[in-house]
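We call the chains A, B and C, going by the order they appear; numbering starts again at 1 in every chain.
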Amino acid sequence: MDKVAIIGTAQWASAQPTSHAFYELATIVAEQALHNAGIDRGAVDAWFMGEYDLSVGRTASHMYTVPAAGGFYQDEIRIHDDGLFAAVQAFLGILSGEYEVVLVVSTGVASETCQDRLSTYSLDPFFVRPLGLTEAIANAMQAHSYRIRHSITNIEGAQRVVKSRTQAQLNANASVWAPITVSEVLNAPYAVYPLRSPEFAPYCDGACAVVMASEPVARRLGRPPIWIRGIGWANDTYHLGDKDLAHLPALEKAAEMAYHMADITDPPRQVDVAELYDVTVYHEIMASEALGLFEKGAMHQWLQEPLSTPGPAINPSGGLIGGRPAAAAGLIRLAESVGQVMGRAGRHQVDGARTAMAQSMSGWGNQRAAVMIVGR
Amino acid sequence: MSKMEQSSEEESIVIETRWNIPFAHHAGRTASRFFRAMRDEQKIYGVRCGQCQRVLVPARSFCEQCFVPVQDWVEVGPQGSIESFAINCMQYEGLPTPPYVIALVKLDGADTSLLHWIGDLDLSNVEMAASRIPIGTRVEAVWKAKRDGAMTDIAYFRLL
Amino acid sequence: MQRVAVVGVGQTHFVSHRKDVMHSELCFEAVNSCLRDANLSIDDVNAIVFGVMDGFDGVDCLDRWCAGAAGGYGRPFMRINTAGATGLSTGIAAYHQVASGLSDVVLAVAEQRVSESLDAQSILNTAACPIYDRNIGGTAITLGSLPATRHMGLYGTTHAQRALVSVKNHRNACLNPFAHLRFEVTVEQVLQSRLIEWPLRLLECCPRSDGAVAVVLAGEHVARSLTDRPAWIHGAVSMADTFFYGDRPDVAYRDNLAVAARRLYRKVGICDPRKEIDVAELYSPFTSLEIMQTEALGFCSEGQGVRLVEEGVTWLEGDLPVNPSGGVLCTNPIGATGLVRMAEAALQVMGRAGEHQVNGVKTALCHGLGGVLQFQTLMVLGAEPR
């Protein structure tokens, strides 16, 4: 199989709702990513957008973001899902021989409307939407199932929040920097029982761009490229009542595909860093187990200090607990993974990281998952 | 910092909009039959997949796992047990007033769970309320007096 | 990298309102029909690519609910949305997935239930920039009427000439069992139909349709094992233009589509499109657009688009039939429409288009259009691999 490299990334995040029009963020990250890649917009063959429409109140919102990201008289496609899915399709676009250099762009402006309220509109209008389910409620129910299954206490959950917030403080691109203590978490109001508000990833505004290139182009640039070693993506079921909520079967499938491609047989030893899509702190745990990085339900083995303890470092960036910029959140996991293997993650750099994996999920009960493994 | 960054003194114009668009959703033959049975007979139906033999609730016209049509109607419930739940404590515009309990209820005779409300529960203290409905708690559908052929024809599930 | 072919297609009958099924069931119907057509089972399918445009169906991210209905349970699943171009973008994404060599069989599925929204225009209006031009009251029809006016001004095109496009496409639709509007019209009837937005009249504008379509693509080895006559994909392009309609140098848009076409022709080795292309299925929701598209695609020179229809070239029996299925003028399930074009082009190449089959098709072109004439997608399919 041909190799595909990542030659540049850029992130943009804001602690406050942005005063930019959402598409201006596409310009900011696209310019920066191309600059970091050391290439010109003219070298890009295709734009792969990963964005949602209703979150910014416009149908066909890529009408704004494709031109804003520099896509003019070149190929474009918009994956209407989290940005990591766009990265997967972009990778396939290069493998197909169709493109040499592509730009993956994801804007995630969450402040234009209540994203969680909006989520009810992606439910069928017959069976579920009339009940007032939101994504937060579905995620809480999933976390609840998992907690019960593995007898996890609220203190352990609170410890995860503290860990993620501590890491986010080291990450210049995180939106939520405020430190928090276990007792503050335990005394916070319930958002959706059994989860208190700090246990949910807070929505924020952000954006991310990633430049990918075929092997010949990447080698011509003369810098050591970061290679995409494996990808996987999968879907299970929309129906929450049809599945065991304590599992993430789509992610297990996606991981299997990615590991196979990357020739990884012992994930805990072969993966150095995992940037996971932790919509709640429990989803961080569920995801790392679905990825085979830890044994199922073995919460007590969990690392509190991702930077220094042996084994895969989980969310050294602070993950989504440090800010969830809607559709950009997954692509940021990829940018973080690339930063780690380049040794340029900054204060949250994991020593000697050679192989990192980015992961994303979307849909009801996290019915869909994508995984991308990168390495030097 | 990007050159597009605004200085904080510049006034940023905000334009408010609202989607207010009417829709009429046609439920189709299968779901219509499911809703008619709720409205007219106060009964809940599932369908049995001829291949995997699972009884799927709410009724649907195909099994997505086996990818075959299903039409073997089976009455389920009205009693069942709680598989999982969450108690929403946040107020969303246009959604029920919190707190409310959303649960997955596995109805007797069904292989999948139905999402619905647990009612008739004192929610003044959500932790106390939660402790009254551990996983496996038996519940029963309570029907609304005036029914329209909708999921909300079941007012809620009450504890047995 | 591997060669890719279409090996089967499935369409639902397009109508103004499918009341007997819900969204997911409509997908299930199209996918099953497609699998039957290709003699495949869902177990043979490696991945799903799904297209729909958000808003009309009254369900945001419809892919979540409908993934299983499209065959997505336990499979890689990719959701595409490029506005009106969605359908063909979905086909192109599936093409890339198979061409990459990672998958051998990929299903492209697209669906739209425009009827669920009682006011589809208000959804389209949300695409207009709320900061600059949402209040102006431009409609989807404006996309056809502005270029029509310009074409009249530049080339003296008459209403009656445009009406001929409608006569041709309605006649074709009568031969296509899946088409939505299946009745013949005369030039007189077109000219006397209700004025919608000057200069366009009702019979010059597409309907709003409910329906779903699925196309199954396979790598060379699998394709050859399934059928003697697959429709080989020779190449595709999609093209982005600027957001503001007023930025286009030529609102009759021989600019962006012409550039896209030239790029595609170079890629697949077409020198003389008029001679080398045997049939075209275009995203032409208005009579005016079909005329200008045929010019942009190089089927004739600038301003001569009306000649093609007047002289019979683009009719079913002509030299280069355009929209033999009746086209978008007679059937428009918006986000699915581009994939219907690809399905119809594939059927023509496979020689299985039925009553609207064009004789001896070796090369077919299909087209998708999205945004405010902003996104142009094109694909060439052929009877022989390239």
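For this structure, a couple of remarks:
Definition applied: a contact is a pair of C-beta atoms (placed from the backbone, for glycine too) under 8 Å apart; a residue touches a chain by one contact, two chains touch by 3 or more.
This one's a predicted model, so the numbers in the text were calculated from it and none came from an experiment.
In this assembly, the chain whose C-alpha centre lies farthest from chain A is C. Looking at B-C and A-B side by side, the one with more C-beta contacts is A-B.
Averaged Cα coordinates give chain A a centre that lies 33 Å from the centre of chain C.
Chain centres here are Cα means. That of chain B falls 37 Å from that of chain C.
Distance between chain A and chain B, defined via averaged C-alpha coordinates, is recorded as 28 Å. In chain A, the residues touching two or more other chains are 54, 57, 125-126, 237, 239. Contact of a single residue of chain B with at least two other chains is seen at positions 17, 19, 23, 25, 27, 31, 64-65.
Those residues of chain C in touch with two or more other chains are numbered 22, 24, 55, 58, 68, 72-74, 123, 126, 130-131. Across the complex, chain A meets chain B through its residues 12, 19-20, 24, 27-28, 31-32, 54, 57, 114, 116-117, 120, 125-128, 130-134, 136-138, 140-142, 144-145, 148, 189-195, 237, 239-242, 245. On the chain A side of its complex with chain C, the touching residues are 1-2, 21, 46-47, 52-54, 57-64, 66-68, 71-81, 85, 88-89, 92-93, 95-98, 118, 121-126, 232-239, 249, 253-254, 257, 362-364, 367-368.
Note for the complex: chain C touches chain A at residues 1, 22-24, 48, 53-55, 58-68, 72-83, 89, 92-93, 95-97, 99-102, 123-124, 126-127, 129-131, 237-243, 256, 259, 370-372, 374-375. Those residues of chain B whose C-beta lies close enough to touch chain A in the complex are 2, 4, 6, 12, 17, 19, 23, 25, 27, 31, 35, 56-58, 64-65, 83-90, 92-96, 99-100, 102, 104, 106, 112-117, 126-127, 130, 135, 150-152.
Residues of chain B touching chain C in their complex: 13, 15, 17, 19, 21-31, 60-62, 64-65, 67, 69.
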